[in-house]
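Shared chain: chain A. Partners: chain B in the first complex, chain C in the second.
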Partner chain A sequence: MKVVGLIIALLAGSLLVYATADFPPLGDPNSPASVHVSPRYIEKTMEETDVPNIVTSVLADYRGYDTMFETTVIFCAGVACFLLLRVYRREEPQERLYRHVLTGVTIHVKAGKLPPSPDFERIDSAWTPHDLIIKTICRLLIPFIQLFALYVIAHGHHSPGGGFQGGVMLGASVIVLAMSQDLRTAVRRLREKADALMCATGVFIYAGTGALCLLLGSNFLDYSALAPVLHVDPIMARSHGIFMVEVGVGVAVMGVMIWIYNNVSSMGKYDEGL
Partner chain B sequence: MMGEFMQAVIAKYNYWIYITLMMIGLYAMIAKNNLIKKIVGMNIFQTAIILFYVSIGVKKGGTLPIVEHGHGAHAHAVHAADYLNPLPHVLMLTAIVVSVATLGVALALGVKVYREYQTLEEDEILARIREK
Partner chain C sequence: MDIIVTLFLLIGLFFFTGGAVGILRFPDFYSRLHPAGKLDTVGLLSAMIALALFNLHHITLGTVLTSIKILLIVVFVFLASPTATHAIVDAGVRAGLAPWTKGQERR
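Now for the complex of A and B:
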């Protein structure tokens, strides 16, 4: 199998090397990819959408359908992880571990669980010693990560950024919490149901913005139809429409990243994470 | 003759990088025995395609695809040659996030396989299936 694999890989590689002779060199301004559609986007983006970041305007306006279904793909991936892994059988773990907060003594509880009390805290079975530095630094950093993520989403019109990047950062901030504390702390902050609802809400905001344009008598995802509702001119309305869509993308991506992490790291039990 | 050849090779170095990465990924997907290594191979493959697309968008003398002095200076014309091609960036922006999501699904399938067969090695899984 190894030899066959090597032969196939080398064959595919040599075919591509052969085809490279017809490709334009790196940085050629007249390469076929750069002369057909993209000049139109670059030259008209300010006139038509009032968004200086061309990537954002192409992403959410010119290619709005593409991005809508990319968001749907991400949503489907989250649902697939959930359906594959989530187990609802109440299967009691073999033993639970609790640590006495003051003395640091670990006790093993064979069956059942301790009643909640401030003296004892539940710890994971694959537990590493009390990591004060990591916990404190993460607790300090998470608000700033989230603030920066919101900035990335909101400022996507003028600087590199947008819904996908900001959504991943928001998701990462909650995943950092789950990794530095434990999964139960993160799930207490953002319940599974809320998280699933968030994924669906994001896709709904995107598709709903498109449907709103349809209801206002224009094409699906043609944001200029929103102008009478937002009390701005049609070009500015497209800019605002892009922002609404980006918020939807951000919410969906954040929810899906957390959902996938929770399901994969706890093997669907939502009990002990990484 | 030799100089021309070397110039042609260097002018297209982005393609050599992506072809090498793609071959590594393809080989890992076919030849590796462990399912997680196959998934990593798939990710390397995706990265190669992302590099390919992004390198296609490069223009000599072009800057980031964000219009300078966007607001308040509507009069000046925007020239396409001054900005990188935004289209590959858009396509890859979504592809990166989708690749992370598909990685999640692939890992979920791996967890499921492990639960069923207590192994992630391909030959051992096949042996267990034949036993049944």
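Now for the complex of A and C:
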């Protein structure tokens, strides 16, 4: 069986290598992409969409379908991680570790019992030390990370950036919180259900923008149809449509990042993680 | 102005080279983290000052803003890099990795 698999893999690989012979050479000015497609975008982007960053306009407007299904693929990755890893076992661990906040004394507490006074905080079983430096620095940095992420999402029209990058930064800020405190603190801030809903909402915003164009009597994801709703001219409406779509991408990517991290780090139990 | 920029860039490059050699040459995990943490202080500071000065070829609001943004990178790296080094060393100690002592072979 292994030999058959190897032969199939080798055949498929050699076919792919054979197919690359038909590609135009790298940077060939006479290749079809450089003759028709690229000059069209470079010349017309500004007058058609009013977006200075050509990459953003190609990504979210000219090839909107592609990006929509990229977002859906990310959403599917999050759902797959959830379905594979999440366990709803109710069995509790034999004993838990609690630490006295002021003195740092750590005690074991049997399952079903409570610590002797409210001055104790639950810690992970990996004996995480009370690390003031890391907690303080992360608390200091997280708001700036999130602010910069919002800037990256909103500024995708003019500079490198956009929904994917900004969404990853927003997700990373919550992951930094989970790593510097513990997983329970981060989950308390952003519940599992809210997180899952956020992933779906992001994809819904993207597809919903497209469907809104359809309802207003134009093609799917043709943002110029949004002009009467947004009270701008059709070219500016395409620019605003790109922004709406980027927001959807950002929300979806942020939710999926956090969802995958929570599931992987706690092995689906949402109890103890990094 | 160009001379000052080049001088700062050379200082930065010198420290980055020294740090890179240190990462390769030091004998164990903890001592390798030492140059890795040091790189981000003087090396990055002087390289970023050079870039910020180079950007100020004529002083307008736009170039000043860009220079301030470049210097903000230094602020954030100065906060984040020592914290990361601290966390890595902490994790190494808790995982039970003993520091290298003289006479042992390098790891």
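Rule of thumb we're sticking to: the second predicted complex is superposed on the first by the 233 of 274 C-alpha atoms of A that agree within 3 Å, B and C clash if a C-alpha of one lies under 4 Å from a C-alpha of the other, contacts with A are read in each partner's own complex, and residues count from 1 in each chain.
By our rule, a residue touches a chain if its C-beta (ideal position, glycine included) is under 8 Å from a C-beta of that chain, and two chains touch if they have at least 3 such contacts.
What you see is a predicted model; the values in this text were computed from it and never measured.
J.: State whether A:74 touches chain B only (first), chain C only (second), both chains, or neither.
T.: first
J.: After the superposition on A, what does A:66 contact: first (chain B), second (chain C), both or neither?
T.: First partner only.
J.: Of chain B and chain C, which one contacts the greater number of residues in chain A?
T.: Between chain B and chain C, the winner on chain A residue contacts is B.
J.: Figure out whether A:131 sits in contact with chain B (first) or chain C (second), or with both, or with neither.
T.: The second partner, chain C, only.
J.: A:141 in the overlay: touching chain B, chain C, both, or neither? Say first, second, both or neither.
T.: So A:141 only meets chain C here.
J.: Using the touch definition up top, name the residues of chain A that touch chain B in the complex.
T.: 1-2, 4-6, 8-10, 12-13, 16-17, 20, 23, 25-29, 31, 33-34, 37-39, 41-43, 45-46, 50-55, 58-59, 63, 66-67, 70, 73-74, 77-78, 80-81, 84-85, 158-160, 162, 164-165, 167-168, 253, 256-257, 260-261, 263-264, 267-268
J.: Spell out the part of chain C that touches chain A in their complex, as residue ranges.
T.: 76, 79-80, 83, 86-87, 90, 94
J.: Can you name the residues of chain B that touch chain A in the complex?
T.: On the chain B side, the touching residues are 8, 11-16, 19-20, 22-24, 26-27, 30-31, 55-62, 64-68, 70-71, 74, 77-81, 83, 85-90, 93-94, 96-98, 100-102, 104-105, 107-109, 111-112, 115.
J.: Of all residues in chain A, which touch chain C in the complex?
T.: These residues of chain A touch chain C: 127, 129, 131, 133-134, 137-138, 140-141, 144.
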